[in-house]
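Each in structure tokens, the structures are laid out below.
Each of the next two complexes has chain A plus one other chain: chain B in the first, chain C in the second.
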Partner chain A sequence: MKVVVDEEKCVAAGQCVNAAMDVFDQRDEDGIVVLLDENPPAELAEDVRNAAAICPALAIRIEE
Partner chain B sequence: MAEAETRLAPDEQAYFYQDDRDAKCPFAPPPGLRALNEKAPVTRVRIWDGSTPWLVTGHAAQRAILSDPRVSSDDKRPGFPYPNHVMAESAPHHPLTIFNADGADHTRIRRMMTRPFTRPRMEALRPSIQEFTDELIDRMLAGPKPADLVTAVSLPLPSLMICVLLGVPYADHDFFQEHAQWATRSDKTVEQQNAANAALGGYLANLLQKKMEEPAEDVLSDFAARIKDGDLTLPEAVMLSMILLIAGHETSSSMITLGTALLLDNPGQLANLREIDDTKAVANAVEEILRYLTVPQLGQRRIAAEDFEFEGAEIKAGDGIIAALPAGNWDPEAFPEPEKLDLTRKASHHVAFGWGIHQCLGQQLARIELQVVYGTLYRRVPTLRLAVDRDELDFRPADALAFGISELPVTW
Partner chain C sequence: MTARVLVVGASAAGLSTVEALRRKGFVGGVTVLGDEPHAPYDRPPLSKQVLSGAWEPERAALRAQEQLSALDAEFLLGETAVALDAESRAVRTASGREVAADTVVIATGVRARRFPGQDELAGVHVLRTLDDALALRAELLPGRRLVVVGEGVLGSEIAATARTLGLEVTLAGPLAAPMALQVGPVVSGVLAGLHTERGVTLRLGEGVVGTAGEGGRVTGVRLASEEVLPADVVVVAIGAVPATQWLADSGLTLDNGVVCDARCRAAEGIYAVGDVARWHHEALGRPIRLENRTNATEQAMAVAGAILGEDRPYLPVPYFWTDQYDAKLQVHGFLPTEAEVDVVEGELAARRFVARYRVKGRVTGVLGWNMPKQTRLRRQEVVDALQTATEPTPASTPAPVPAPTH
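And then the complex of A and B:
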């Protein structure tokens, strides 16, 4: 699984951090998404898919 | 707009979006909304001013329309479906804000406001939220019975937290709570709304000027620094501060009050919640209660910026669009048996905070406040119960901006 984030689209809602905090964080100065692990392990795959599904700005893409 | 364009098709019922809740199921969305969704996820409805915007009730359709760049939030476009006449009259005077800006303008304004509300910053606030919640419960338990949960816990907690974040002295809370409430009421005149805005605006302008001279670690000081740097004008900073102050009050407060009434009405679920000793499970329960109650009940208001086809509807540029969030959160396609409150349900895809680029800025603050209150109050006061019959509770009508109950008399 490969995760791609689009900083331009991100609106800093923080939903991805709720869903998968080992994979996503927020930049302190403006809350924009920070990708901690672009190839997350299989056990986090479901959380990461959920993060992409609940990102309100559709800023997370997953390449399987 | 020509009459032919606004007339409902013969097979479509005129549905007044203000149709009220079912007194027997006061927590549920108005039954008319759910009936519409059974027919189609997108329908034409007639609203208070006689216009006929599209009403989007389906969960998937709401998420699609609210993230569609062909749809605008610009409330100055003719045809915008205002929730009431006060908003219709004031819209021409609205400055550009986080609510009515699109695209790059929206990104610029939103990014100025996001810093204090990130999930990691809110998580760091959890201990203070816990401490203050405990203090409020102590005070309630030491005081007379019955107590009003709104004045004892629901309002002071979010009010204090938003004050701490903004750098607004909490000692002034009587003043701004009184003026903030007008923003969410439907029974107001333009004069009342203008007077409240002027009072709050003057107050915040003074505070911003003080922060320019003596900055601290708070949002108003951030705005004050941006005014000095020429990134923001004083009126813009006043408007952004007012939005945060007002939004920080009613919504979380309503969720604490309504959530408690709902749980007391579902003793089995409440008993389960009391037993949970795991922040993740409490967080999950909060998402389900958010789904169930959907406090922003008037719906997200938008306008089509161009012609397009959507879910079988021929949407034209200038058509109003309303995403009725409570209906989306009770769409059986997304949440099977939506009328069943199930705190173990996976509900994080709800739209209680809206969807798309305008999704609630303060949602992580709200979540942690709710997690702390729901995780503390019922455990510390296991005999908590309503001090009146449920029928006597004063549920706000469905045309109020935020769903709520003005008073919740409780005893223990």
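And then the complex of A and C:
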């Protein structure tokens, strides 16, 4: 699984961090998404898919 | 195992339900009915990027065509559902089509409220659909006088967008400050300052009773005092009502939305999701209905799970955000207007802060103003308080929509 984030689209909701804390974080100053692990392990795959699904800005893309 | 699912409504909640079903491994047939001709699109940009012209409408599409195709679902667009037979789970459309399924998901959202007689005057708009946004955008010419009726989230966003486009903007409504019902007196006061500073005229604290017109075109907005605020264009943003008229004879319980149990189930084999659903939130101990973008997706995931046999109550911590000028406000949880508000990070005057809302000492929600990460970190306090809830939280949350008149 490869995760790609689009900082331009991100609205800093932080919902992805709630869904998959080991894979996503937010910048302190403006809350924009920070990708911690672009190839997350299989046991996090479902959390990451959920994170992509609940992103209100559709800023997370997953390449399986 | 369910063989066929019918989703009525092709917006964020309906589409997310289909996606969640497929993600969870559902291989049965799926049909989606949508009353608009457009492929599923996102609504939050309508009052901001689409209205300002920063985005062409295509950019608000929720998915690319190939992503929709990959769902292997039948999309019947431009088909308005007019009746549901809950027993046979069959839906009839305005064109006379009948679609039956093993499971029906109601995702018909809400309709914009209007003034009586509003549609008789040119220049009076609502903003709910993409077509609404494009029609309004065509009228937002610099120098024109726009009156926005309704000081809620949508009205405040429209006022900010139009002001940025160079219109003379007046925001009217019965409350004391923009979004007073959604964020309470402290933060709405800060918001009032921001709008005033940017040149929006606030005519708040007085009811709006209707419009004035001449020759079939709007000329102003009439206040309760009989004063008329002159206008070239008017937007009515006085809330929305659940789109349940088509369910009147269905036998389902309708009461400010489709009434559901804690699993978002309205009847055997029938679920509701998104803005239209009013379900029993077990941690709050009462039914709630949420009109926000995040709920559309989160509830869709819960409903897809319920359809596939998961037995879990839906217990979200609500989240919404709004962008006005350079201000990004984010809210986790509930902000009752009577709550005690403490600034726990930053400063109000700097317009960069996190505020914590408490009722009887219990945290109900947090609001951040241009402090997204810090706000999310504070969300945990809301989660903890919800988990230890012992009595129903005040019924005043989420905020009811104010009456449009008087």
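The definition used in the following text is that the second predicted complex is superposed on the first by the 64 of 64 C-alpha atoms of A that agree within 3 Å, B and C clash if a C-alpha of one lies under 4 Å from a C-alpha of the other, contacts with A are read in each partner's own complex, and residues count from 1 in each chain.
Throughout what follows, a residue touches a chain if its C-beta (ideal position, glycine included) is under 8 Å from a C-beta of that chain, and two chains touch if they have at least 3 such contacts.
In this text the structure is predicted, and so the values were computed from the model without any measurement.
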Overlay on chain A: chain C relative to chain B, clash or fit: clash
After lining up the shared chain so the two structures overlap, which partner does A:Asn18 touch, if you call chain B first and chain C second: first, second, both or neither? both
With the two complexes superposed on chain A, say which partner A:Leu36 touches: chain B (first), chain C (second), both, or neither. neither
Let me test your reading of the model: by the given contact rule, A:Met1 touches which partner, first (chain B), second (chain C), both or neither? neither
Under the stated touch criterion, which partner chain does A:Ile62 make contact with: chain B (first), chain C (second), both, or neither? neither
A:Arg49 contacts which: chain B (first), chain C (second), both, neither? second
In the overlaid three-chain picture, which partner chain does A:Gln26 touch, first (chain B) or second (chain C), both, or neither? both
Chain A residues where the chain B and chain C footprints coincide 11-15, 17-18, 26, 28, 30-31, 50, 53-54, 56, 58
For the chain A and chain C complex, residues of the former touching the latter: 11-15, 17-18, 26-28, 30-31, 49-50, 53-54, 56, 58
What residues of chain A sit close enough to touch chain B in their complex? 8, 11-15, 17-19, 25-26, 28-32, 50, 53-54, 56-58
What part of chain C is in contact with chain A in the complex they form? 16, 19-20, 23, 42, 44, 62, 293-294, 297-298, 301, 319, 321, 323, 328, 330, 370-376, 379
Per the contact definition, I'd like the list of chain B residues that touch chain A in the complex. 66-67, 107, 110-111, 114-115, 117-122, 283, 348-349, 353-357, 359-361, 363-364, 367
